[in-house]
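Here's the structure we're looking at; comments come further down.
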Amino acid sequence: MYQEKSSDNGGSMRHQLRRIIFGTDTKLGRYFDIGLMVCIILSVALVFLDTVASIHEQYGEIISILEWGFTFIFTLEYVLRLYCSAHPVRYARSFYGVVDLLSVMPSYLALFFPGASFTLVIRILRLFRIFRVFKLLRYLSEGNVLLRAMLQSGRKVFIFFFSVSLIVMVLSAVMYVVEGPENGFTSIPKSIYWTIVTITTVGYGDITPGTNLGQAIAALTMLLGYSIIAIPTGILTAEISQEISRSKDLRRCSNCLKTGHENDALFCDHCGGELEREL
Amino acid sequence: MYQEKSSDNGGSMRHQLRRIIFGTDTKLGRYFDIGLMVCIILSVALVFLDTVASIHEQYGEIISILEWGFTFIFTLEYVLRLYCSAHPVRYARSFYGVVDLLSVMPSYLALFFPGASFTLVIRILRLFRIFRVFKLLRYLSEGNVLLRAMLQSGRKVFIFFFSVSLIVMVLSAVMYVVEGPENGFTSIPKSIYWTIVTITTVGYGDITPGTNLGQAIAALTMLLGYSIIAIPTGILTAEISQEISRSKDLRRCSNCLKTGHENDALFCDHCGGELEREL
Amino acid sequence: MYQEKSSDNGGSMRHQLRRIIFGTDTKLGRYFDIGLMVCIILSVALVFLDTVASIHEQYGEIISILEWGFTFIFTLEYVLRLYCSAHPVRYARSFYGVVDLLSVMPSYLALFFPGASFTLVIRILRLFRIFRVFKLLRYLSEGNVLLRAMLQSGRKVFIFFFSVSLIVMVLSAVMYVVEGPENGFTSIPKSIYWTIVTITTVGYGDITPGTNLGQAIAALTMLLGYSIIAIPTGILTAEISQEISRSKDLRRCSNCLKTGHENDALFCDHCGGELEREL
Amino acid sequence: MYQEKSSDNGGSMRHQLRRIIFGTDTKLGRYFDIGLMVCIILSVALVFLDTVASIHEQYGEIISILEWGFTFIFTLEYVLRLYCSAHPVRYARSFYGVVDLLSVMPSYLALFFPGASFTLVIRILRLFRIFRVFKLLRYLSEGNVLLRAMLQSGRKVFIFFFSVSLIVMVLSAVMYVVEGPENGFTSIPKSIYWTIVTITTVGYGDITPGTNLGQAIAALTMLLGYSIIAIPTGILTAEISQEISRSKDLRRCSNCLKTGHENDALFCDHCGGELEREL
């Protein structure tokens, strides 16, 4: 539809790439976005599953290979974005530029600590890999056509669940690093279970933080979670209120056409005409 | 009131049966519905009680006999519905058709695994029997005269409690099968206790899921339960808001007839006349 | 103010007594009411404290004597109410008549089981003594002048806390009888602690029901408590909503007198005049 | 701007001091306020950290010296306030006068109990030192210019969090004194963790009150916390309701200018003109 003349072939290719990578208005651009989303979700899930001891033992090798595959994909993505961006420095300094870098750095940094099999440094580096989930934020912006189609309805609910998931994942990873297996946080999936038990205020107490730092983060989790989880109640209440006043507006006397009758009114309070029974 | 001429006697009987089984406008039809409801509730209660070890030991034989009785009743119901339905294939493929089939299948399938006294297969088959509760959904539809009379008032509250009960029952049965007695889910009644402790976010921690799958389902239970249980707060708040604005409308100055005074106003803000004390 | 001629002296005394006991418009009547309220609260507190082992050992004798004192007072009250009521039979059959009888019966019935020092019968009889709290319901009725003065403001909040207290007390006594010391319910004060831990959905799990019946009652407690405790949220939300729309009405443009400006508006949206800063 | 002639030099100095200490309209006055705020927060944090066994062992000496430094600062502040106040007696009897006195008394009183290293008296005296947090209340009053600038937006949220923090701190200190290390309340930071676990109704049960008094305070904490924490839900709901009705007002038909269309309406219900899509 819209065509731009570029002086040389390289510039044209850069421009084409930019439309695919940064834009969503071409078929290839949309495929690129969907592919990347799937990669992000799979790679984060892999980081989480790798912390489960039994999975690590059995599939450690495969996960390691897949992990390097994802690192390669995200590195390629980062290099391409840098290459075809109109303002490479501005991109590198932007929130998404930093997130894109942080999502590949840990894997390379881990090469410098080869002897340590499960030290704190490695565990924290592994944690930083889950920063990849923030790459997903890119797809939440208003202008994104893909998301718009997906979220025609139920937008608020989706954004709420996405935000909660993001918070749960980050908190779970942090608590896994801080508390570790000795306090029951044996893997990130177990840590996610603990986080959900905590933010929904269920609080079984089968897994509880043992360190001071862990208890401080847990206290923050509770306050944060409590505030966030109050949102659905608010949305629901507001919508029920709207529904009630709307249904009142709909009750119209067939005699004098007056509206706004109470839901349990049987006669029109203006002319006394009988009202139709509410369904 | 409404009479339909059918060409042959069999068609007439089929038609009569259809009015009884699918309709609610005849006395026999209503008796049929009430009887079936009672059977569904009793049979589900039986499935639940049978999981309690002490009850199973003492009354296992009687429960087994009753169980086959209910299976016979529901089989007869299914066959009759197939026979007298205007579109048997459409019925068999409909949601209720599938539910009706699923509610009798497990009992027959269990005959093929006679040696296994308490294996996972049997336990899952037993679980599927509680699909019978979904048969109750049929009585929740708008057109049902019986329910309408029952629920003239408090409709919203009833539907809320019914939905919660349904979710609690299904989740309890699933957790009983997934976790089993080794993690404290010794029977479905105990599992129901755990589910209520969880969805109300009380979370004692005396019974907690031990398996990974169980913890995942528990996390879902919390999120689901949390959302569902926010509903009464919403309904209540909306109704209190309505009540407040209604009571404001009712405060009318006897002097100038202006309404809409605040609940704690002592004088009319239009003419200064004293207002009657609020009750 | 209002004087009634009675044919004989006895009738006049009965009538006087009736005004004191049933009415609240005389000074003596009000003293009677206050005295009775204090007696009810003290006697229920006594029943609760008596279940604490250490208190029972040390002060058992004194509590027993006080208990008989209260029983005497309530017996006297019951006899007087029967004597001076205009319709003794109607009173005896009324809700308050039954409550008044139930509040003295257990003490007399306990005399028939002298050998049993701490059997279930005695424990249930002791439980029934807390039915005395229902005597307080009498003072909640609309017409009561005494209460009206006490509750001029904060009525809703008081009724809410009174209802919750009543439910907590009854549930605590029931759980104490059902579960008993072997499951951690060593006394009614401890049982009250458990009930509050449960209905606020805190659920520590330091005391949990061990019997099937106890778990069923606990599940009901959670659902009941959850519904009841949603009420303050509802009231609060409705009042904040009112406050916001009221403060909007108060923002009046000093130029064109238009009201209803948003709280964060700086200029009148009708004439463009600057609005005063919101406090 | 406003200048006051004073008869003698001492009076002028007193007046100057008063403007600095009680007022906020001078530069020095604002520095004084900020400095005092920092001292209050640091000194309360010190009291809390001193209860952690490992910190007390290692840094006990330094904390003791800092503690006396803060005591000196607050004593100086109290004396200066008494000296330069226009009505010293009225100040001494006011809420803030009493709080200012209570915030230095415990340190001096502790000198009279030198032998007891960790008795209940000392522990309660230490508790009273946290009354210093109430000194912060002074900065919450409407007239304070400093706070006003800080809280231009998000006022309600800040006051809510400040109140909750105050309640949490006081309750934590009380529970620490009442329960002590033998019931798991080994330090005030640990006690704060317990309080947050309790008021957010999470209730792990890893730390639970063991004494009767502790359980009574815990029950009050739950009820109090439950009421307080309902406030954000209320504020949020009210604001979402406002937002919905505001967005309805904003939907204006470009044809007939009618407003108030439902958020999901596609056509104007007055003239049938197509409405712009909602963003």
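Note that the chains are named A, B, C and D in the order they appear, and that numbering of residues resets to 1 at the start of each chain.
Here, a residue touches a chain if its C-beta (ideal position, glycine included) is under 8 Å from a C-beta of that chain, and two chains touch if they have at least 3 such contacts.
These are the chains along with the protein names UniProt gives them: A, B, C, D = Ion transport protein.
Note that the coordinates shown come from a computational prediction; the quantities given were computed from them, not determined experimentally.
Student: Quick one: compare the interface residues of chain C with those of chain D and tell me same or different, with half as the dividing line.
Tutor: different
Student: Report which interface contains more C-beta contacts, comparing A-C against A-B.
Tutor: Comparing A-C with A-B, the pair joined by more C-beta contacts is A-B.
Student: Cα centroid separation between chain A and chain C, in whole Å?
Tutor: Measuring from centre to centre gives 48 Å for this pair.
Student: Just the number, please: Cα centre separation of chain A and chain B in whole Å.
Tutor: One centre to the other, that is 34 Å.
Student: Multi-chain contacts only, two chains or more: what residues does chain D have there?
Tutor: 201-205, 233, 237, 239, 241 - these are the residues of chain D that touch more than one other chain.
Student: Any idea which chain A residues touch chain C in the complex?
Tutor: The touching residues are 201-205, 233, 237.
Student: Would you mind writing out the residues of chain C in touch with chain B in their complex?
Tutor: Checking each residue of chain C against chain B gives 142, 198, 201-205, 208, 212, 215-216, 218-219, 222-223, 226-227, 230-231, 233-235, 237-239, 241-242, 246.
Student: State the interface residues of chain A toward chain B in the complex, per the touch definition above.
Tutor: 52, 189-190, 192-193, 196-197, 200-206, 229, 232-233, 236-237, 239-241, 243-245, 262, 279
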